[in-house]
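You will see two complexes here that share chain A, one where it goes with chain B and one where it goes with chain C.
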Partner chain A sequence: MTSERRAFAYAPAPESRALVDIKPSYGLFVGGEFVDPADGTSFKTISPSSEEVLAEVAEAGPADVDRAVRAARRAFTGPWGRMRAAERAKYVFRLARLIQERARELAVLETLDNGKPIRESRDVDVPTAAAHFFYHAGWADKLAYAGLGPDPKPIGVAGQVIPWNFPLLMLSWKIAPALAAGNTVVLKPAETTPLTALLFAELCQQADLPPGVVNIVTGAGATGQALVEHPDVDKVAFTGSTDVGKAIARAIAGTDKRVTLELGGKAANIVFDDAPIDQAVEGIVNGIFFNQGHVCCAGSRLLVQESVYDEVLDSLRRRLGTLRLGDPMDKNTDIGAINSLAQLQRIRELTDAGEADGAERWSPPCELPEQGFWFPPTVFTGVGQSSRIAQEEIFGPVLSVLTFRTPDEAVAKANNTPYGLSAGVWTEKGSRILWMASKLRAGVVWANTFNRFDPTSPFGGYKESGFGREGGRQGMAAYLRSTDA
Partner chain B sequence: MRKTYKLYIGGAFPRSESGRSYAVTDSRGRFLANAAQGSRKDARDAVVAARKAFGGWSGTTAYNRGQVLYRVAEVLEGRRDQFVAEVAAAEGLAPRAAGATVDAAIDRWVWYAGWTDKLTQVLGNANPVAGPYFNLSVPEPTGVVAVLAPQASSLLGLVSVVAPVLAGGSTCVVVASSARPLPAVTLGEVLATSDVPGGVINILTGAVAEIAPWLASHADVNGIDLCGTDLADAVDLERAAAGNVKRVLRPPASESDWSADPGLTRLTAWLETKTVWHPMGV
Partner chain C sequence: MTTAALPDVARDDATLRAFLHGLPGVDKVGAEARAATLATRSIKTTSKRWAIDMAISMIDLTTLEGADTAGKVRNLCAKARRPDPADASAPQVAAVCVYGDMVQTAVAALTGTGIQVAAVATAFPSGRASLAVKLADTKDAVAAGADEIDMVIDRGAFLSGRYLQVYDEIVAVKQACGPAHLKVILETGELATYDNVRRAAWLAMLAGGDFIKTSTGKINPAATAPVLLVMLEAVRDFRSTTGRVIGVKPAGGIRTSKDAIKQLVLVNETVGDEWLTPRLFRIGASTLLNDLLQQRQKLTTGHYSGPDYVTLD
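Our next item is the complex of A and B:
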């Protein structure tokens, strides 16, 4: 093990944080400009890898949310609503170009605020965010082809609440289709990761986007609640936990609000005995350790066919020994920091429960930095189906391993959670991939790959993983009123 | 300094191999420039270039193709003043009307750029066949498409007929308006500086009646848009095109109103549908 680790020793390759200017404090972005909150309260956002305070951020109260919604309404009934679709498209294209132009800055800021490895923010989060704006821009003047009747209309003002795991990317999933369809938005980023949304607000200014089309209100749960419950919000879009999703569904009951919910998951990654094992192991690692496992569609349950269990587990442990955990700003880092102390405590609580349930915990030798929030890559074997670590979303770098003998058993176990967001299948047999895909109760099925995202590809869950889709033609439906009879 | 207007073939700007040129005048008959008078061999060279470029262009991701075409619109807009002057001279329009035409041409590129990654979603589908099969139909580009550009609308009309060929992933040999070819040559300069690979679009100037039969009968051309020819000539061209079962778009009775919503006709004309079957079962 020691010699192997030495073979993988890399010299530090830190990205420069001088690439981004972080202001000491940020206001709310309302009506095209940064404004102070009505009651002047603020909170700190820290870098989870060092616990260093990055900036003070305004906390929006109900009065601020109301002001933002009114700004969005004015833009909707005003310039944005009256604008020709082809002109609207150009603004969305321009936002895509601005993200591309300022990609490095956004990537550095994302990694500082979120704790994810710079390699991921640079190569995944930011380019995919730009792609989302680019793809959706093209829809703006093609809505008649979206399958919603000859002349579908925007819904109005969208209140959007996003999580901390992919801050800029989730913003783009929300804002790009909303704007392309002709809506205006008030978006609340997560309280632990507000900074890229606030930089995006500057991009809206650079794009000369009409004031009020995009409004950003920062804050915690209460701010989000004020936003989704605001009577003049026509459409609610939420990505986050299933518990909050249920609370939102209750809160808007009896209103005319339209809603889409993208909630938790407990995806099964199913490995058959004919799968290419090395490729499958890479997929398993990517499936659960990408972004520290802070991924709603993470492959957090590994289902291995019994006949290849030893081979897969040996190979998996060997591979985990090569993962580099540490400074997220280092370009060689594979696993960054856990996003917050609260999340770290939740991961600890659930993994302790896993051990109490009788599962066996294993982690590779792995030094954790002293400052910041860290959790080593962890694998549980001997996990019972009813164990909390097989049922509940951990949202951390923790893999629960179960076994199966037949395809039917794999399907039954894979579907045996309240969730239904995603699943993975690893086999060389095409007909089995398609049979499995037809049986799995999940909104996305990856075969011989995992964690693939594309703006053209609809994403969203079955069951308690939520409803509605984001991306693709189906995703546009979330922001349009059909003009069918 | 006056510019020499040449052909655009395989990413380069050659003169006609025939060494011929012809005088181009403005709408009032005043001399503007000499344009290359393309020949049969120029047309054949252009088809070779288009075929060579097809594998690469059709193989790019739709996202990448969309970005490249959007870039064309950006570069086109950067040369707006030049196009306004050329379109005004060619079509006898007042500067304001010429400006509106150029703006519409820019918007048309943007419109088609946005189609690259949506065509499959709007035109393709999964098919619920009555059996344990996965069955999917997707559009794919036809191949090399010859286009006879409209004779009156020298830029907007031209863009409206070539952009859909490129958006769908086919490559193109276009014969510009015979009497109004200069905006087309300048468009070639835009394309040459917009990340569009050489050969993806090839622009010929000259007499449509002379060049068109060679393209219509060419065995390595998969489709032909007869837009810029008259109805009488179109019949012979359509017959020649039958030799290798080309897809044919017939010319309109009179030149279209290019400012109207183009719809999907010119996109679907240059797309094939491929259906893939695969069994489903453990």
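Our next item is the complex of A and C:
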């Protein structure tokens, strides 16, 4: 990231944009086909690294959402609901294979629409999305072993609202278990990143998925609200901010809708003095700078034992000097663009507040491109537990460094947050890992690693990070009615 | 690690052991993941050209066979001087690496070229001989004109925890080298863990090695990316602790241009481009050179030639 001439400067290595055809405009995917919205409005989706308009996308109003829910209901009571589980599994396997077959296309589209580096969409987002479909496909004819009685039943029509940070991956976390369990879905992707969901709709057509099993309605908050409040939606699944999660919980209170919420986080990444330091530094970098910090389980609070503070911080600063920020389509880029202007402004506001609170701000020497939305990797030291940057979710490439002296203090500080989604522990001492895992109030505790995702492992939060789990046997429970009672 | 000079950590076995075991551990999964991520760097066009020539100039062109003859060594030296007969712009390699009895032949063939003659010594590759024999082996190669000595550590002593013995041997060999540069082969394929690789690297540097080298080439696995990563981290930390700059030489199993370029990326992003010079980074190889030359021809002409368009030796 240093701007001076280096002996071994990597020449540009851009992935080809021609791998994907972006249509000038997209309709809604309802009942197995693309349709125009009832009231004809649309919005633009742009590439955050260049601010170029990529496509016009339909904005679904309440009538469109109703049409999509009705299509989903027809599929649920019709072909999908009647289908044998082993047949249903074949469709989910087929979607998994199609994601693999069209992986490069999906990766390029994700990077263009989201701003994340192609290395991440190619090596993490798309392969993990395929893995979720493969894993859940295996569940379809084995639901009797989910621990929910001999013959658990699907819930019905699922209304699913997903965020912009991992558009295709969050889609797969939602759609794969829903379909495997026998539900039908109406999914609303985020308004800044609708394109991979719309390409996934084409995959559904290619897989000959019965019409209405998957419906995709694009739009902003109002569309999402219409979906979760629709009376014929049986199950709501949401990933996003805690504020919206609370609004959804209020909106569906008193109904018999089932709900899972995966909300914000302020994870502690805890480094003990006997940690493998080089790998811990990689874990810190991966914890907060992966996907520009747009990760709900990001390790945004580094808790480092005072006895290794200097060593860890020196190593971290040196490492950050090697991060390559720039064109997300370049295969050597480590840090891409911030997803939207609104998000960039929120990151700026919170980092300014951090400085005002007296924390010391540091970034490596770093040239930001002129076009697009960019924020340099940033480290705050001298952060008090009471500072806003230690308390609030920034959802950007900003790390707050705090210190501790004893394991008890580490646990107390790590848990002292309204959130509880994830945590990381770095130590070579196995017994301490187990002790910490039992004390930390977080849905996921990573030991000597961070931000690792696997479809077999349940993911979800404590406290204001939400409830319900996604992935694994526990994740299947969110889409099934128990026949035990 | 502070920047203050190290106290005399090799004053006795217990102190040396405490120091080596006090180095931060290496998490296997994390180290391998980091090496795998760096292996995805895409080196194209001008940077590929630069990397290929840099890699050629870093090669210790090696023949270490029982069947070696003076003729074979002379051929190798000719190849070292002029790797691509059809293209004088191809750089010459850094050194020719041979057994001790071939040093005179190599020296005679390379005088005045600037190409170093490196000799393996100390009962290479096993290191199973008395210290007296190892020192005689070393002195013999130096007397014959070797500029560099590639020694092996006593892995048996290392694995049984006799660190001071390993240390003392390296110190003695370094002394026997006189003006010759000493490369210390850790034979990482026999050390079993990355923690051991890090400890052996520090041991070799503390004892006065000028270079640390991964492998003899006679054992698999040899110069894997995570092993190289751990050794590069060790020279980086050793420099910040002592101020001394140590070279690194991966050897064994590096056959393709892609492998070599991945190693240069590891150097670039772990210790920095200060190490991207034959003075501080060498690649021990034999077949690698021809693959680099074919890639080089491809960049020049735009098409691949074939194995018959580069010379065997």
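To be clear about the criterion, the second predicted complex is superposed on the first by the 478 of 485 C-alpha atoms of A that agree within 3 Å, B and C clash if a C-alpha of one lies under 4 Å from a C-alpha of the other, contacts with A are read in each partner's own complex, and residues count from 1 in each chain.
FYI, a contact is a pair of C-beta atoms (placed from the backbone, for glycine too) under 8 Å apart; a residue touches a chain by one contact, two chains touch by 3 or more.
This one's a predicted model, so the numbers in the text were calculated from it and none came from an experiment.
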Worksheet item: Taking chain A as the common reference for superposition, should the pair chain B and chain C be classed as clashing or as fitting?
Response: fit
Worksheet item: So, A:R17: does it touch chain B (first), chain C (second), both, or neither?
Response: neither
Fill in: Geometry of the superposed three-chain model: angle at chain A (Cα centres of chain B and chain C, steps of 10 degrees)
70
Discussion item. Per the contact definition in the header, classify A:K153: touching chain B only (first), chain C only (second), both, or neither.
Written reply: neither
Worksheet item: Does the superposition put A:D123 against chain B (first), chain C (second), both, or neither?
Response: second
Discussion item. On the A-aligned overlay, A:G283 touches which partner chain: chain B = first, chain C = second, or both, or neither?
Written reply: second
Item to complete: Once the two complexes are aligned on their shared chain, state how close chain B comes to chain C by Cα atoms, in whole Å.
Response: 15
Fill in: In the complex with chain C, residue positions of chain A that touch it
6-13, 119, 123, 274-279, 282-283, 311, 322, 331-332, 428, 448-449
Worksheet item: Within the complex, which stretch of chain B touches chain A?
Response: 62-63, 66-67, 70, 107, 110-111, 113-118, 120-122, 132, 134, 264, 278-282
Worksheet, complete the sentence: Per the touch rule, the chain A residues reaching chain B in their complex are 86, 89-90, 93, 131, 134-135, 137-142, 145, 147, 407, 430-432, 434-435, 438, 455-456, 472-473
Worksheet item: Along chain C, where are the residues that touch chain A in the complex?
Response: 1, 24-27, 29-31, 33-34, 40-48, 50-51, 54, 233, 264-265, 268-269, 273, 276
